[in-house]
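Below, chain A partners chain B and then partners chain C, in two separate complexes.
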Partner chain A sequence: MAMNTTDVGPGLLTRIRRHKYVGLVTNILPASIWLTVFFLAPLAVMLYFSFGERGAFGEVLLGFEYLGLQQYATFFIPDGASILETIWISIAWAIGYFVPFVSNPASAQPTPYVQLLFKSIYFGTVTTLVSLVMGYPMAYFVARHASQRWQTTLIALIVLPYWASYLVRVYAIKILLAKNGLVHNLLATLGIATDVQLLYTDFAVQFGLVYIWVPFMILPVYASLEQLNPELNEAAMDLGADRLDSFRYVTLPLSMPGVVAGSILVFIPSVGAYVIPDLLGGASTATVGEFIAAQFGAAGNWPLGSAAAFILMVIMFGALWAYQRGSGGADFL
Partner chain B sequence: MSVSKLKVWRSRLMANHGKKALAAQTGFVYLFLYVPIAVMIALSFNDSRTAIVWNGFTTQWYEALFSGEAIARVDPNQAWIALQNSLIIAVVTVVVSVLFGTMLALALDRYVFTGRNLLQGVVYMPLIIPSIVMGISLLLFFNIVGLEQGIGTAIIGHIAFDISYVTVIVLARLQSFNRTLEEAAMDLGASELETFRWVTMPLIKPGIIAGALLGFAMSFDDFVVTFFIIGNQNTLPIFFFGMVRQGISPGVNVIATLILVGTLIIIALAQKIQGITW
Partner chain C sequence: MTEYDVRLDGVSKFFGDVTAVEDVSFEVEQGKFLTLLGPSGCGKTTTLRMIAGFETPSEGDVYLRDQRINDLQPFERDTSMVFQSYALFPHMTVGENIAFGLQMQGIPGERTAADGGSVATQSSGLSGAFKRLVSRHGSEEIDTRVQRVLELVELPEMADRQISELSGGQQQRIALARALVTEPTVLLLDEPLGALDLKLRKNMQVELKNLQEELGITFVYVTHDQEEALTMSDEIAVMNEGRLEQLGTATEIYEEPASEFVADFIGETNLVHGTYAEDDDGASITDGSLTFRVKPHDEASGDIAFAIRPEKIRLGDDARGLDNEFSAEVIDEIYKGNLGKFVVKLENGRQLTVDLQLTDQGDYLSIGRDIRIGWDASNAVTLVR
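Up next is the complex of A and B:
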């Protein structure tokens, strides 16, 4: 029914209210404005700062004549290296770092910042793998072998620590690993190692990361295993598969969405971690997160910190994109 | 069909011991998750200044803190102020983000429009982005805009990530319910507002409450974002972080235990009122 302004119909207000876009716009506006102004705009400001330069007294120079990619160059390119050399040096160093028993095939070292970045990615990878090895079997046990009543309790016990304060739990790890603490004394009593330094080492950081993030692996894996129909395994076994085969070819592939989701949920926060390495790690365990924070504190180089933060963000989204593509677009939320 | 010996052997192994091995592994994970917390709680009753080695039971640290006395740099009055700040920030944040987030979730569920996917992507971003990136970007933003940092800027920042949590949870709830119920209400003569009040709202209420709880926890517990944008004010996590950096002491153990027990009581209450909310 077409209606022009001269018709006698519902009042103007009613018609505005009934217009199909009014509801949409009213509902969307507050949140989108908030997210644009206080989330996207700050990211843009950060990007802008990352093109700036630090003055002689730690001030930030953002005038047009100072803008450029110098912070990114500082971050990635070692002194006097060309772009190709930089790529080679970084890859070679990464090979030496990640692959066991292989030493760095290049003679030069990448910038300390790139080394930090690799170290953080290494922490994230190990945390993800350890969480998977720890979380998968237990999620499987809860989903397959526990009774319905117990499942609820067992899963609530996994969720519970997540609701308890993050910092308090990191502190609990600090107590556990401290000199003369429980683990320290246990190792000595069992005669495995005496007077071993646990706290303020890479091990402590790794331990803390797994401790905090392992529930994020368990929950999605449990969710995908729980939905899985056990009759599928029976069918596989009727067709001649043994238990391992039926796990390997039926259960595991069908639980992959949970594994992918869990890996993303564990990997992303552990690469960008700041609190855990700061409280549990020593001076030698600096990660990108700590480095960024330092640039806004004692080190006082905001443009370099912004560039590092932007690089970290791009790597996260890149990893997420690659992982989701590689796993056939699993929906992780 | 012939079955190889290896298969017979490994099948038997898994059938006989698989469940036990898995149960042991499960027990290990629960120990891993709860032993550190239990040790911390136990040590808050430890009669020793070094706070690590067990030296007998005492409640003196609790008594001292509750009577307002500082033990080893831990000042309960500061903790009290920090707690109040945390509560103010969390309450304001939750009210605003539940309102905005629910509206956004309704829009995302009900309308098809250009840029819908883009908007949804932006909503997920604060959940994915490292907190430290969010923290420093807000710091730079407030600096360039010239907003003085304090409780206000902390609330602004918290709302920016809490909206996402609320939206995602309410949206999940909306997508799982049957739209024909609303149509039925309208057919029976209910107006849009009546339908919303008596049909939509009761159906999405669990989602809204779950979103509010999660939002509250996220705001109350946030350290990294707050750390960069709150200026010289304290919240409970920031106060706690400062103490932990200085080392392990009986006072920190007590505060940590109190935070933990306090949170657990709140969750238990929420569960009791609401059923399982996560």
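Up next is the complex of A and C:
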């Protein structure tokens, strides 16, 4: 190759980007401005709103005399209860709701908002667990037992539904589960159940959430399993571990980063879900996501909606922090 | 009667249409060091993996001591393997890695983690439950044996280290320790020194050999490095294209190669093809205008070859009176410090490589010079395949 005698080193733009201080500004500034204007600023406005009050015509009152924690109190504290009573009532209700065969030990009910919150967390937890139980074996099969060519095909098939719009897929489930729909008629034809209500139940919401989010469990678990050296399992078996032990002591612990990542990816969107419970759930299956959406829409109570959004966010961060601590050293946050 | 630790009887392995190993039979005496040597793809690793149980023979039988082990799972066989990648468990400490085999064998102990256990059993909640699920038991016996084997590989202080903190050479030793701690009948090693740099590899060759002699455990060792094989082995099995070419001691393999492949693969050699003929004085191979005296061979006839090592060829006055004596022209030289390597051309155009210890004879081998070369028929090997 001929020597390039006119070569004067990197161009001007490259030199700017590589400069110690100028480079820092040009590299990071665009993203920083974007995030500040479109993410942090609206978030700050929402936080401000959450301390305000709703006016008689749905307007947001933000004068100094209106500011306070009243929205948060409305959300958490039932009429006339003290803080301690609130905590007890909430916990008691949660026990009654989640623990099988145990009824609510307290006589009072927490606010409907807290009930919605618990229900959403419940939906999120069940979705995460079901996705894990369904997704892990699938990821394991694709990573460990499928040939290289099939792996690509299978992963493509798992991702394929995402080529269609989210809404279209939720409507598809709606059609599947509807009265006189495919599942309904199949159950009747097989004589398993006739005239069973599927749509507009907790089951439909749960089904929809798992259907939509399970790939987000499969993909990270697959990624962590796929990069495991199969010789590790051979070494374990060589040292006297049977197949189950080899999975339990080698594969499972080493795939935990994928499980943690997948759980976070499934848990967050399924707790805050709005479209799925709205379309597939009935009146009794309202979630906190639907509630927040309603406050900014039909109910016209922006301060309460903002407060609920922030409460959900704080709880989510807390849950992730605890999960991340508990899962031992997997650094995701 | 000699006791065999490993015996292969007519073992073949097919992967679909591909024949990886074809009709291989050999025996390894108790306490011996056998090396499977060959180029990559010759079936040596597949053979080793059939002994370990990771592959099942398509034909033939594998015996460990007197037991046929074809149908035993890897975890049911009394063999241990050192992997080329080491395959150390990255989520366990050095001590936990080594203890693993003992725990899986059910060495008795309380149900706590290998490192004392308190961490796993005290932590609560999700992570505690998970840690209890994947924790294994420990005991004083396990600790003692882990420590003993760590001392054997000269890394006594390493039990609490993470695998990622170790150098390549240290990982190699830990992999060895993990395989040895269960006191297997046979230790299988798949190119264990392949990832180390040259100097470390040379040291480890000697150490491994010493360790093997000290412990008296049978080693089956896989390598493509012929020098490594010659240095360490009691016996070498040379493999090519799935077949066993020759089985013998290092000297036998080097001095009496059984085939052209072995002669060419081990060390450096001159292969000369020609027509074989026997007469009253012995035998000869004729290549064009030149006839070479060779050792007679029972199975030899027609077009075959003989091999002569470069260091067996004499030069100048030393060549006079030998069975084979020719004039030749020096056409190339390669300086190697203590050794001169020369390429000479015979009258019939055949080129031979000749080694010469460089003392003070250097000048008479300049390029273009005519010299006499020669060797005895007994130093050449007649090759029938």
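By definition in this document, the second predicted complex is superposed on the first by the 309 of 333 C-alpha atoms of A that agree within 3 Å, B and C clash if a C-alpha of one lies under 4 Å from a C-alpha of the other, contacts with A are read in each partner's own complex, and residues count from 1 in each chain.
The rule is short, and it goes like this: contacts are C-beta pairs under 8 Å (C-beta built on N, C-alpha and C of every residue); 3 or more make two chains touch, one makes a residue touch a chain.
The structure displayed is predicted, hence computed values, not measured ones.
Novice: Identify whether chain B and chain C fit side by side or clash on chain A in the overlaid structures.
Specialist: Pair status: fit.
Novice: Of the two partner chains, chain B (first) and chain C (second), which one does A:Leu232 touch, if any: first, second, both, or neither?
Specialist: second
Novice: Identify the partner contact of A:Val45: answer first if only chain B is touched, second if only chain C is, both if each is, neither if none is.
Specialist: first
Novice: Report for A:Trp93: first if it touches chain B alone, second if chain C alone, otherwise both or neither.
Specialist: In the superposed model, A:Trp93 contacts neither chain B nor chain C.
Novice: Let me test your reading of the model: by the given contact rule, A:Tyr222 touches which partner, first (chain B), second (chain C), both or neither?
Specialist: The answer is neither, since A:Tyr222 touches no partner chain.
Novice: Using the touch criterion from the header, give the chain among chain B and chain C with more contacted residues in chain A.
Specialist: B
Novice: Classify the contacts of A:Phe296 with the two partner chains as first (chain B alone), second (chain C alone), both, or neither.
Specialist: first
Novice: Quick one: is A:Asp242 in contact with chain B, with chain C, with both, or with neither? Answer first, second, both or neither.
Specialist: After superposition on chain A, A:Asp242 lies in contact with both partners, chain B and chain C.
Novice: Going by the contact rule set out at the top, does A:Val168 touch chain B (first), chain C (second), both, or neither?
Specialist: Touch partner of A:Val168: chain B, not chain C.
Novice: Look across chain B and chain C in the superposition and give the shortest C-alpha distance you find, in Å.
Specialist: 5
Novice: Can you list the residues of chain A that meet both chain B and chain C?
Specialist: In chain A, residues 240, 242, 245 are touched by chain B and also by chain C.
Novice: Mind listing the chain C positions that touch chain A in their complex?
Specialist: Of all residues in chain C, those touching chain A are 52-54, 73-75, 79-81, 83, 85, 87-91, 100-101, 104-105, 125-127, 130-131, 133-134, 136, 178-179, 182.
Novice: Quick check on the complex: what are the chain A residues that touch chain B?
Specialist: Touching chain B from chain A are residues 23-24, 26-28, 30-32, 34-35, 38-43, 45-46, 49, 134-135, 137-138, 140-142, 145, 152, 154, 156-161, 163-176, 178-182, 211, 214-215, 218, 240, 242-245, 268-269, 271-272, 274-275, 278-279, 289, 292-293, 296, 302, 305-306, 309-310, 312-313, 316-317, 320, 333.
Novice: Quick check: in the complex, which residue numbers of chain B touch chain A?
Specialist: On the chain B side, the touching residues are 1, 3, 7-8, 10-11, 14-15, 18-19, 21-23, 25-26, 28-30, 32-37, 39-40, 43, 50-53, 99-101, 103-104, 106-107, 110-111, 113, 119, 122-134, 136-141, 144, 156-157, 159-161, 163-164, 167-168, 217, 221, 223-224, 228, 237, 240-241, 244-245, 248, 252-253, 256, 259-260, 263-264, 267, 276, 278.
Novice: Mind listing the chain A positions that touch chain C in their complex?
Specialist: Contact set of chain A toward chain C: 229, 231-232, 234-242, 245, 248-250, 252-254, 256, 323, 325-328.
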